[in-house]
Structures are given as C-alpha cells and as structure tokens.
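The structures considered in this document are given below.
After this come two complexes, each holding chain A, first together with chain B and then together with chain C.
On to the complex of A and B.
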C-alpha cells in the first residue's frame, strides 16, 4: 500500500513541473516582456533596463524558471506590484475562505446530486428520470453568476431573508456563517450538482447492467440489497473519480461567485490582480489553485485505488 | 432488457434550436439596419422608461435602449465564439494530428502537455492568460481558445490513432501517396465528425465563459454592449427594476441550450455511422 502511495506521488512530479512551467511562461509571453507590463507602455528604456536588472529578467529563461521555482518551494511568492505585500500573505489570508466555500459546495453537491442520480438510474426512462435529466441539462446551461444574481435578488433584496454580500467566517459564529454562505454555495453548486447527477446516473445504469447484478436478480436478492451492495459499490469508483473533475470545474466558478458576493477568497484576488496586471499575485494564486487541484486529484486517485483493487496497476 | 433506444427524433426542439441560432446570426449581422437606436447612446432625459413603441424593452439607468444593447450584444458573442473555436482548432488540430500520427515519445510528450493544461480550471488559466494579453474581446477569447485547444487535440489524436490502421491508410501507403496527402485528404476528413461535435459543445462553454468574463468587465470594454455586461448592468439597478436581469440571462440560457441540442443531434448522427 505504501509503495502504491509513493508511486502515485512520483507520477505527480511531471505534472507539477509542467504546470509551474505553464504558469511561469504566461508572464513571459506578455507583449514586450514582463518589464514593460510592469513599467507601462511609455516607460523609458533605462527604466525598463533597471527593472530587468532588479527582477533578474536578463538571465536566461531556464535560470529564471529555476530561481522562481526554488523561491516558490521555500514559500516565497514574491511581492505584489500594487501593494508591495508579500504574495504569500495575501494567499494565506484568503486560502481558508476559498477552501471552506469549496468544501461546503462539494458536500452540498454530493448530498443533492448522488441521490438524484441514483433515483434517475433506478427509475431509468420514466417520467421522473426525464425530469431529472432535463433539469440537470438546464443546470449545465445556466450561467452560475446569473443564477446567483437571481437568488440574491429574490432572497436578499426582495425578501430580506439573507444577506446579499459579504462573508462571515465560521470562527465568528456558525449560524451567521451559514447565513452568509447559503446563497454563494447554492450558486456555486448549480453546475456540480448537474454534473454529479448525470454522471452518477450513467455510472449506476452501467453498473446495473453488469453480469453480477443480473445474477443477483436471478438469485432473488432483495431490490434494496441489489442496488446498494452490488450496483452502487461498483459504480462508486467512477463516482469518486468525478470528484476531481467537479472540483476543478468548481474552482473556475468560484472566481465568478466570489466576485459577485464580495467574498474575500482566492478567486476574487485572481480577478483584481488580473485587472491590475499584478503578475506576482496572478502567478501566486495560479500556483495555489494548481496545488489545491493536484491535492484533490491525488486524494481521489488514492481513494479509488483503495476502494477498487482492479485499478492498482 | 434493452429498452427502446431514445432515438433523436428530428423534433420540434431541434428545429427551434436551429431557428434560434440562425435568428441570432441574422440579427448580429444586420443589427445596424434593424435597430433604430445606437446601443451606446445615453439619453439623460429618458431614464428607466418602461417598454414603449420607441423603446421596445425600455431604457436602462443611463437612458440607453435595452433592446438595442441586447441585439448588438449578439455580435461580440458570436465573434467571440468564432475566435475561440478558431484558435482552439488552429492549435489543437495540428497538435492532435502530429501526436497521433507520429506516435512514440513525441506523442507522449505532447499528451503530457495536454494533461498539464487540463489540470487547471479553465477559467483560471484563461484569466491568467488575460493578465498577460490584456483585457478585451479578442485577447480573452484567444486565451479561451488556447485553454480549449488540448480538448481538440485529444479528440483528433484519438481519431487518428483509430484510423491509422484502417485499410485506406495502408492502401494509400502502398501506392506511394505522401504523408501530407494521407493526413489531409484521408485521415483528417474522417476525424472531422467527432471534432465538429466537440467544437459545438465547446461553443456552448465558450458562451458561458465569455458571458462571465464580460460580467466581470474583463472582456468587451464598457460601454460597448455584450450579454455579460447587460447582466452586470441590470444587477446594478436591480433594486429599481427587479425583473431586469432575467432577460439577458434567459437569452444566454436559451442560446446555450440550443447549441447543446444541435450538438447532441450531431453526435447521434455521427455515432450511427460506422
């Protein structure tokens, strides 16, 4: 089991390297070079040259990349071009917010999506299945932030049941935290619920058509036991895999939702730093999100290997 | 035990979808001819007017005609989608062709890059690229196209791999056709159906992403009209007109659904063939 863990860990290395290389090269492809982006279009050549010297931009690219990477590993993400604050501070402050939001959304999405998908599969091709399929299709087509606007409009601005924007961390009181987080989580989970429902449904249908299920029917095993012990267990592998994909997609949605609800998380930081061309922050947030996604996918991989011996090569 | 296969009837849904999309294209192209109002023109004397003969959907908080903004907003939407799938194809198709056809470690390396890109949440990567390229419709849509290109590369590669061993490839090799000829005249056309389906679905995603970016103010610069901007604007004065945000969002939803319907139909059509 340990060797499996290490093996999977090793397979991460190329991905991490390529991912960081990608983030690194994004800044390099700015027209005119990163120095111009920092200094502005009408900077004098001497000013640009000074920036080049200070930031080490005259070194050959591979050296720049290695320097950047070593800084990164030691936890130094550079300083914000706008505020001068260390980027790692900014990220550290906002990471818990985004993580809490992401976790709660994943939880809600699964709590709603799994049963929906299972019901749709068990009652496949009936009216209920059709209704579930249509609503999940809608969930995929509705822009999340528009949905967010509609619910904010209804529940906060018209009915005054919930606060429209802002975020209360759990430390300040669970109840007010939940109140502040209901609308964002509901908005963010729209897409994931649709995806999970669809995927669970097809995974379950496929499992139900398997030979062992047919044997179970033939042996007269009760319906409930067939569904849960036989079909669901086998569908679990695929379903757990989808967590990784859902989490990745969700991160993108988090950017919009955080901006809409004025939640001080990584997503909002990303947007503001893109607008101000604050490259160190952009890179830092990208690396942080990359790390988050990799960790989630890695956990999923290990879980799948633990559940299903067949996947262990 | 196989229940009746849900065959995709050429039903009302499909015709409505195609009709809607065609309608969008027409009004995008002919917008200046059919709209009487300039979508950017502000009219301080006519703020928040309810629907009237002069302004079919009324005016917004700075006196602009709402309908004009929506109609003109079709243009960046369609243009944006074209840019995205254009860039994605221009990069993704050669990528997949080379990777699938050459094979070996070239294939391995190229696919590792695909995996690295796909690890990132799409919107995050597109945002990061926007930081480099600058805001605006062309740059954000190009960034999106770059982010989507690995998906196209994968589809093409899979097609190429499955076609490499087909008879017509061996036959053309036998009578001495060049590799380029083989790739472009034989392999690529056969890879097209799956690619077209993927591009269709990608258009839906592109519209959703574009609307989001415009909503954040990162795409089409204000005061130019776009659907995402319309959503943002209606939200600004939502206390005064609670129903205003419904219209632009609904248009986006209908459009995306129409695209997906057409994509689904295409996918069923092409699966039936061999």
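On to the complex of A and C.
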C-alpha cells in the first residue's frame, strides 16, 4: 500500500509540470493583454506601453514562465495586475467558499444519486427503473445555467422562499448558510446526481450478476445483506472512481454557478480575471484548481486501492 | 423502526428552521445602508495609483475633490476649494480652500496638504494630467497657487476629476504608493470599512464630514456581481438597492415590478468607426463622407439598445444636449445610400469600395455585443456601394494593436468614453499627433485647438467649437454612430440620484425616502 502511495505521488511531478506549462501557455497566447483592461479602450498607446513595461509583460515568454514557476515553487503566485494584491491572498480567501460548495454538492449528489442508482438496479427493467433512468437522462441533458436561472426565478423571484444570489459562510450562521447554498448546490448537483445514478445502477447490475451473489442467494442470505454486503461492496470501486471524475468536472460547473449566484469563490475569481486579462490571477486560480483535481484523483486512487486489494499492483 | 416517520421528522426539523433563517443580504432599511450592484472591482483606491474610469464610483465616496463638475453643465465648480481664479496670464490657478475640513484620520486639510498631495500624484507617474503643473506655492494656510509654464485652461476640469481627489498627508507618509491603494484616506463623506477583492467594498459614513447636509446614508456596500442576470435577480430579490448599469432587454422586467424603477441617462460617450485617414480607401474625404451616408444610425441604435431606449444617432463627437454641440450640424448625415453611391462615383469608385473593419467582442463602452450590429451594418453599407469585411478579434486590445500598431486595416469599431472637459475629446480626436488620429493630420483645426487652451467666455468657446464641428462634419475622421445611453435600475424608496452625463455614478447623494 505504501509503495502504491509513493508511486502515485511520484507520478504527480510530471503532471504538475505539464499542467503549469499548459496553463501558462494558454493564457499567454490569448490575444490582448491586461493593459487595455486596466487603462480603458481609449488609453494612449504610450500609456499602455508603460503599463506593459511596469508589469513585466514585455519580457520574453520563456523568461516570464521561469519567473512565474520560480515564484510558484516558493509559494508565491505573484500579484494581481489589476488590483496589485497578492494572488495567493485572493485564492486563499476564496478557496474555502469553492471547497464548501464542492463538498456540499458532492455530498448531496452522493446522498441522492447512490440510493436512486441502487433502487434502479434492484428494480431493474421495471417502471421505477425506467422513471429513474429518464430522470437521470434529463439531468444530463438540461444545461446547468438554464436550470439555475429557472430555479432562481421560481424559488427566489416568484415564491421568495430563497435568496437569488449571495453566499453566507457557515461561520455566520449554519441555517443562513444552508439557505444561501440550496439553489447553487441544487444547480451544480443536477449533472452529478444523474451520472452517479447511472453508474451506480450499471455497477450494481454487474455486481448482482456475479457468481458470488448467485451463491449468496442459494445460501438463503437476506436480500439486504446480498445487496449491501456483497454487491454494493464490489460495485464501490466503480462508484468511487466515477465520483472522482464527477468532482473534477464539477470544478468547471462551479465557474458558471458562482457567476450566476454571485458566490465569491474561485470560479467567480476566474471569470473576472479572464475578462480583465489578469494573467497572474488566471494562472494562480488554474493552478489551484489543478491542485484540487490532482488531490481528488489522488484520493480516489488511494480509496479504490483500499477498497479493492486487487487494484494494488 | 419506522424509518418513514423518522425521515419525515428529520426533514421537518431541518426545513422549518431553514424557512425562518435570516438572509443577511436582505434589506434592513433601519441600517440605512445602500447596497449597489456593480460589475467591476476598483483597480485601486488610491486616485494616483489607479487609472480605470470604473474606479470613480468608489473613489467619490472616500475622496472629495478640490473642484467638482456641475451635474447639468459639467462646468467645474467649488468643492474643497471654495473659490478659484486665474493669475499671471492664465498660468497660475489660485485656490482658496474651505477651512473646516478634516481627513478621515484626523489630519487637517489645508494648503500644505494640497501641495503634498499634488507632488505625490505627480510622483506616482501613473496619470499625466497634472504634468503641466511646474510648482505648487503655499501662499497661506488655506491658499495655494498652482503654476504652469504655459496656459492650461483645462486645469479646473482636471482638478474636478481623479487628479483633484486629495489624499491625507498622514496617509501618504504612512502608506505611500505601495499600500495606499488598499488603505485609502480622504476627506469624503464615507470612509473605507473593508475591501474584499472581487466581492465587495464597504464604506461607512464619516461623522466629521465637513458638509452638514451629507451624507444621508449610514454606509454603502458595493457588491461586485459580474453576471448581468444575477444583478437583476439581486435587485428583484431585494438584495441590492441600485444597479449601476442594466442591459436594456431587462427594462420590461423592471416595469412589471411595481417596486422597481429605471432611468435612462444620456452620456458623453459614443460608439463610432475609427478610420485611418492615411490609408486607402479612407484617405479620400469623399469616401469618408459616402461612408457617413451609408449607415442607418437609428436602426443600429435600436438594435443595440432595444425599443425601450430612444435611439440617439450621432454625427458630432459631443451629444446634442451638451453645450459644445452645433445643433444645425447634428442631423447632417442620415442613411442615404444613393447619395453615398454618387459620392463614391465622384471619388473614382463607380463600382463601390471594399474595406476591412476590426471588430472586438463589444463596443459602445462594452455595453453592446459587436456581432449584434455588424451584420446589419454590412447590409446597410452594401446598398450604398460598400463591401464590409469583418476581422473579428478576441479583445479590444487586440483590435487596437492591429489597427493602430500594425496598421492592418483601415477601420475599427470602437467607443469613445467622453471627457467632461470637451477640449480633451476634440484634441484627442483631431490633433495631428494624437494616437487616436492615425491619419496624422489635424484637418486645419490646429490653431482652433490651441485657442481652446486659453480661457475664454462661453460665447467665444461656443464659436470655436462651432468651427471645429464644421471641420469635423466635413472631414469625418471618425464615423460616430450613436451616443451611449446608460440604463440604471433602482429598488424601492431609493432617491437622490443626479444626472449622469459623465457616465460616472456618484452615489454619495443617494438616500432612502
């Protein structure tokens, strides 16, 4: 187990280097720069040139990358080109918000998706199974942003049950926090619930067809024990893997949802910094999200190995 | 165990308190705090350190200026300086200051503080509008003289804007250029409470503010809500009281809600085609005039803003209701494709002309997606003998680099944000060496522009601007399309807003009825 852990850890190094190079390159080849965003479209070229010079944007790209990577290794993401504030401060202030939103979404998706998938598998090829599959298909097909606008319109602007925007941290009152995240979490979890439902159903059906399950039925073991002790345990490897994939895809969804609900998380920070071409912030947030994705996948790998010894190769 | 009963009880135990949990963002009128939804953070809260025009809504709350703009005429009028007058053939501006003003940190506002600030502003080397000032003379505790080498008639207008936002000398000494941007200290009606970048800026009323009738609010919270839909949702949900700028398509939504209202403000800004008059085909005045007859400005304005905002077609570089305008010239160019064709034929293009125009994602100060109008423009021009090819770029910066830097195409669709001092607009667009005038010629307006630097009576200035407008209409180095309008929305009981010709909201006058 330890060797697997170390092996996975070593694999992170080339992943991080390639990831940072990709992030830096994609940001830099985007046309335009932050100078006009800072100075305004009708700024003089001399003024724009002065801003570029002050911000080091005229240096050759390899030098800019090396400078940036060196700072990164030393724990510094640089300063925002627009506000001058340390990017690390901006990220650390917002990381808890996105993390809480992501965790709550994952939890809700799992709590709803797992039982639905189990039910669909246990009642496979019945009307209930059909209804669950159709619902999960809709959940996959419906665009997140459109769903978000719909729920805001209904629950916030028509019924006045929930706030349309904003975020209350848990520290400011757990109930107020929950009220503020119901709509964003519902929006963000629509797709993941559908995915987890379908994968759970498939994994459970496959597990239920296994020879050990037939043996368990033959031995007269209770249905509850067959489903949860034998089948589900064997299906968990696939389910945990898909939860990891869902969690990483959800990062992209968080950008849209934070923007729609004005939640001050990493996603909103990414949107505003992309619009203003604030390169250090874009790069810093991308690296932070990359780190989150790496940690999630790393955790999933270890969990899968812990659940299923057959994967510890 | 009855799992259904347990589940139902647990659900009720969560849902009932949840229903009554407070929403911290909801209106609490007793707190008398105005919540403003904007789309951009300030670039800096140091007037010397920032450059973005979107900073001013924040800066106006924290800093009073030496002078301020009259809301109707945009003439500079007293503020921290209770009077100002010229000496020395208009090379010295003498300011007499108000005597009962204190900065937020308790430092006294006096002539020495003004001198310290102006030197600090110039040393920041960020904004150059105070560069013509060669020295600052303290003539008395509350009298200061600003000296220039040459007449600088726009100096009062400059001091009514960012450059006149006086910072506490104590704060300058303590924080300097590095840290004042996040530790602002002014003499305005509000002082900073907190700034969470990308989220919100909070200010609270300054108890020792020198004007007795202000501020009427206890505080202001600026919320950075980048998404336009979210801003409207927040207004409708009662989480904000004022949205600085809304998309006109949302006007019907506002109208349907009896608690909300909106207003449309004309501004000094306009959208236009910037033409390189040193490059074919626009090196020929007749072709430029033909182009001016080849677009239906009213239709483009309607398409840009929708039916609820009156279109404001533009021919001149100042709007109709602004005093430098010349009324009889405003309607010169209307959509006349046959006239355009005739002019093209006279210019030696009987078969028409093709040209490429750079299009960024948005124009008109970022309020209108370019794709919305470019196809309509292309069809209108086709009837007039012009073939319009579009070169789309990902940002306005990329377009400006291609147009100004690389000279890759002769036209660019862009907006001009306008200047409270009209001289700044005319000199920027007509002066031979201006970077906004790629043609490199002043079209014979050079002497007129120089004469604007000398103080003159209103009648004399109007006569000069009439001549400049006549040159403009004849030469058309830029093709104005429409004047930009801003649409803002208000929650219940919000009042006190002033006309916003400069498109820079000053919310310090707001209050709740």
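Brief remarks on what is shown
Here, the second predicted complex is superposed on the first by the 274 of 313 C-alpha atoms of A that agree within 3 Å, B and C clash if a C-alpha of one lies under 4 Å from a C-alpha of the other, contacts with A are read in each partner's own complex, and residues count from 1 in each chain.
The rule we apply is simple: contacts are C-beta pairs under 8 Å (C-beta built on N, C-alpha and C of every residue); 3 or more make two chains touch, one makes a residue touch a chain.
Computed from a prediction, not measured in an experiment: that's the story for all the values here.
Looking at the shared chain after the overlay, A:93 reaches chain C, while chain B stays out of its contact range.
After overlaying the two complexes on the shared chain, residue contacts for A:24 are found with neither chain B nor chain C. In the superposed model, A:146 lies in contact with chain B only, and not with chain C.
Of the two partner chains placed by superposition, only chain B is touched by A:290; chain C is not.
Once chain A of one complex is fitted onto chain A of the other, the partner contacts of A:137 are limited to chain B, with no touch recorded for chain C. By the touch criterion defined above, A:156 lies against chain C but remains apart from chain B after alignment on the C-alpha atoms of chain A. Of the two partner chains placed by the overlay, only chain C lies in contact with A:180; chain B stays clear of it. In the superposed model, A:77 makes contact with neither chain B nor chain C. Look at A:255: by the touch rule set out above, it reaches chain B but stays clear of chain C.
Where the contact sets of chain A with chain B and with chain C meet, they give residues 30-31, 37, 149, 157, 259, 271, 275, 277. Within the complex formed with chain B, the chain A residues making contact are 14-15, 18-19, 21-23, 26-27, 29-31, 37, 124-125, 137-138, 140-147, 149-150, 153, 157-158, 209, 248-253, 255-256, 259, 270-271, 273-275, 277-279, 282-283, 285-286, 289-290, 293-294, 297. Chain C contributes residues 17-19, 21-26, 40-44, 49, 51-53, 128, 181-182, 196-200, 223-227, 229-230, 233-234, 236-237, 239, 393-398, 400-401, 404-405, 414-417, 428, 435-436 to its touches with chain A in the complex. Looking at the complex, you find that chain B touches chain A at residues 1, 3, 6, 112-113, 115-117, 119-125, 127-135, 204, 208, 211-212, 215-218, 231, 234-235, 238-239, 242, 245-246, 248-249, 252-253, 256-257, 260. Contact residues of chain A toward chain C in the complex are 30-33, 35-48, 80, 82-85, 90, 93-94, 149, 152, 156-157, 160-161, 163-166, 168, 172-173, 175-176, 178-180, 259-262, 264, 268-269, 271-272, 275, 277.
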